[in-house]
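The structure under discussion is supplied below as structure tokens; questions concerning it will follow.
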Amino acid sequence: MIATLANPLKFMAFSRWAAPALGVVAAILIGWGLALGLAAPPDYQQGETVRIMFVHVPAAWVSMLAYACLGAASFVSLVFRHALADAAARAVAPLGAMFTAMALITGSLWGRPMWGAWWVWGDARLVSVLVLFLLFVGYIALRASIEDEVKAARAAEILALIGLINLPVIKFSVNWWNTLHQGESIMRAGGSTLAPVYLLPLLLVGAGYSAAFGALWLARTRGEVWRRRGASLTLQAALS
Amino acid sequence: MTPHSTLFRRELSLAWARGGGPLLTVGFFASVCLMVPLSIGAAPGRLSAVAGGITWVGLALASLLSLDRLFERDFESGALDLVNLGPLPLETICAVKCAAQWLASCAPLALAAPVAAIGLGAKVETAGLIALTAAIGGVAFAFVGGAGAALALVSRRGGVLIALIVLPLLTPPVIFGGAAIANFAAGLPWTTGLILLTAYALAAVALTPFAMAGACRNALS
Amino acid sequence: MTALERLEVAAVTLQRGARALLGGLSFDAVAGEAVAITGANGAGKTSLLRAIAGFTRPVSGQIRFLGADGELDADATRREECHLVGHADGLAVGRTVREELVFAVRWTGGDATAAIDGARRLGLERLLDLPVRHLSAGQRRRVVLVRLIAAPRRLWLLDEPLTPLDADSRAHFGEIMSAHLAGGGVIVAAVHDPLPISARTVAISG
């Protein structure tokens, strides 16, 4: 499938229907998950605010997924010099920034009623997502500041791979840092201790976010391909 | 004389003069450390609790200061072309440049760091460990920072961009080093932080030269 | 490694941005021969020299270096046999002329004393311990020439080498190039004005 999609024409034909189809799937999954989430009983500790988890946690998942996709697209572009992979990498970065921003904002909204603060440094996941947000911003800034598109692509690929190698280390270091300050740390509902009544909506919204991410990524990559075609037509017209 | 030492001497003389040299770097570091008590107040207990951390943040910032010139001057003057047509591969050249940057910028900072930390109220016994972590952390700052500097070669703005792309990558060494200092001061086990910091620095030395060489080739093409 | 005998450029096309350059250019240059690359501004003369030096990869075609026993390793040849004189002179303005010459000559595998002798012959003796920033454009160009002569390299890639030079210096530079060719060297020069030595001309169109 990947070999087929590597062909730009086939990619355009595929994404033409795949992007809206994924969008519909995303809407259904997110709607279903949120409906279940709203119907779930309030948590005995967190009360009604537990429902913020259904929009926050999946956003954090997808922001990690987005960086993994950025790294993978950059790797393919760097090794195989594939233009479509570069278009995909360029398209995914602002999406990743958007999902990380969403995770940060919803995390902050969750923190306020729970701990009485808009930002809690004791939450390792939130801190990791903040660093991830800065990695996306750095990537976008680097690309935006380079005029030559070929050179911008190469430089951005290298940065994305450095970030990809660093990301697990950052995750580890932030978690480790968090355990050091155990006194200030906050244990949060999550992982295996989560009751099934919360787990199902969480997974549904997670799948829905992933589908939405996929739909937006395909659409943005299409836009990028169109932009490049336009630019090369303009150039040909200028040179002929 | 080996080509490595020939190149290292050139790079060191350039690094020593670059943007005012060690004096400017250490001066900037001292200014950052001065601003903190002025902004958070002089209560001794409050300051001494964060002295190690402030010092460590000051180090990370100060070591980024002269990075924008690390490759840029040689790139613009054409010297990178000539150096590239020499006996060593570009990866080694980049590593030698970063080593010289470390000696001219991070090593003086490692000497200044304990002074600043004690001035802010850190215990005198922490001085040795602060200098050591600053020296080891400086290796990570110089090499990861060098990768940022090489990537920024093709961009229109150097300095700020380098800081933006490098600082998030420096989260792990800042955590590891800061934790080693804080735990040592509190009488807790501190060697794990130091070991992790050293591992990070070694990994940076091993891996970033490839990124730097790739970025330089991209800029030269 | 055997010495470089021949440079072969075979059907090379380069790319700048989205534009194709050179359109499958082919030529070769053997030991003792100079090739003058001519063409309009933007035709790709500089890009061609940089491709031979290995900085840019051709999108198609090949650049080969041949010795007496066949093809040489391109990377090693570039590291050991190439010298590029580009538009920018590569001098660090804060360092002295002596420091820059000694480094450049050691780096290219030559003898530092030969570089200092060369500087004396070109009238740079009084300037040796001056930082490069105090030199005039013409003096800097002479430093570049000393560096070129003192580097024991067979393949010279010269980008508009005559432009900053006056008539006397051009004649002198002609002698330097002739001596290099007589010693088995190869010269590929991008030029606007004809070289002061006999050279084969390769014209490229934009």
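First chain written, first letter: the chains are A, B and C, and each begins at residue 1.
Just so we're on the same page, a contact is a pair of C-beta atoms (placed from the backbone, for glycine too) under 8 Å apart; a residue touches a chain by one contact, two chains touch by 3 or more.
Just so it is clear, the model here is predicted, and its values are computed rather than measured.
Engineer: Listed by label, which chains are in contact with subunit B and with subunit C?
Structural biologist: Per touch definition, common to subunit B and subunit C: A.
Engineer: Could you name the chain whose Cα mean is nearest to the mean of all protein Cα atoms here?
Structural biologist: B
Engineer: Select, from A-C and A-B, the pair of chains that is joined by more C-beta pairs in contact.
Structural biologist: Between A-B and A-C, contacts are more numerous in A-B.
Engineer: If you average the Cα atoms of subunit B and of subunit C to get two centres, how far apart are those centres in Å?
Structural biologist: 37
Engineer: Counting in whole Å, what is the centre-to-centre distance of subunit A and subunit C, each centre being its mean C-alpha position?
Structural biologist: 49
Engineer: Please tell me the distance, in whole Å, between the geometric centres of subunit A and subunit B computed from their C-alpha atoms.
Structural biologist: Their C-alpha centroids are separated by 30 Å.
Engineer: At least two partner chains per residue is the criterion; list those residues in subunit C.
Structural biologist: In subunit C, no residue touches two or more other chains.
Engineer: Counting only residues that touch at least 2 other chains, which ones in subunit A make the list?
Structural biologist: 148
Engineer: Return the residues of subunit B touching two or more other chains; collapse runs of consecutive numbers into ranges.
Structural biologist: 221
Engineer: Inside the complex, what are the residues of subunit B that reach subunit A?
Structural biologist: 144, 147, 151-152, 154-157, 161, 164-165, 167-169, 171-172, 175-176, 179, 182-183, 196, 200, 207-208, 211, 214-215, 218-219, 221
Engineer: So in the complex, the part of subunit C that touches subunit A is made up of which residues?
Structural biologist: Per the touch definition, subunit C meets subunit A at residues 15, 17-19.
Engineer: How about subunit A: which of its residues touch subunit B in the complex?
Structural biologist: My answer: residues 131, 134-135, 137-139, 141-142, 145-148, 151-152, 154-155, 158-159, 161-163, 165-166, 169-170, 172-174, 176-177, 180.
Engineer: In the complex, go through subunit C and note every residue touching subunit B.
Structural biologist: Within the complex, subunit C touches subunit B at residues 50, 53-57, 78-80, 82-84, 86-95, 99, 103-104, 106-109.
Engineer: Report the residues of subunit A in contact with subunit C in the complex, numbered from low to high.
Structural biologist: Residue positions touching the partner: 148-150, 231-232, 235, 239.
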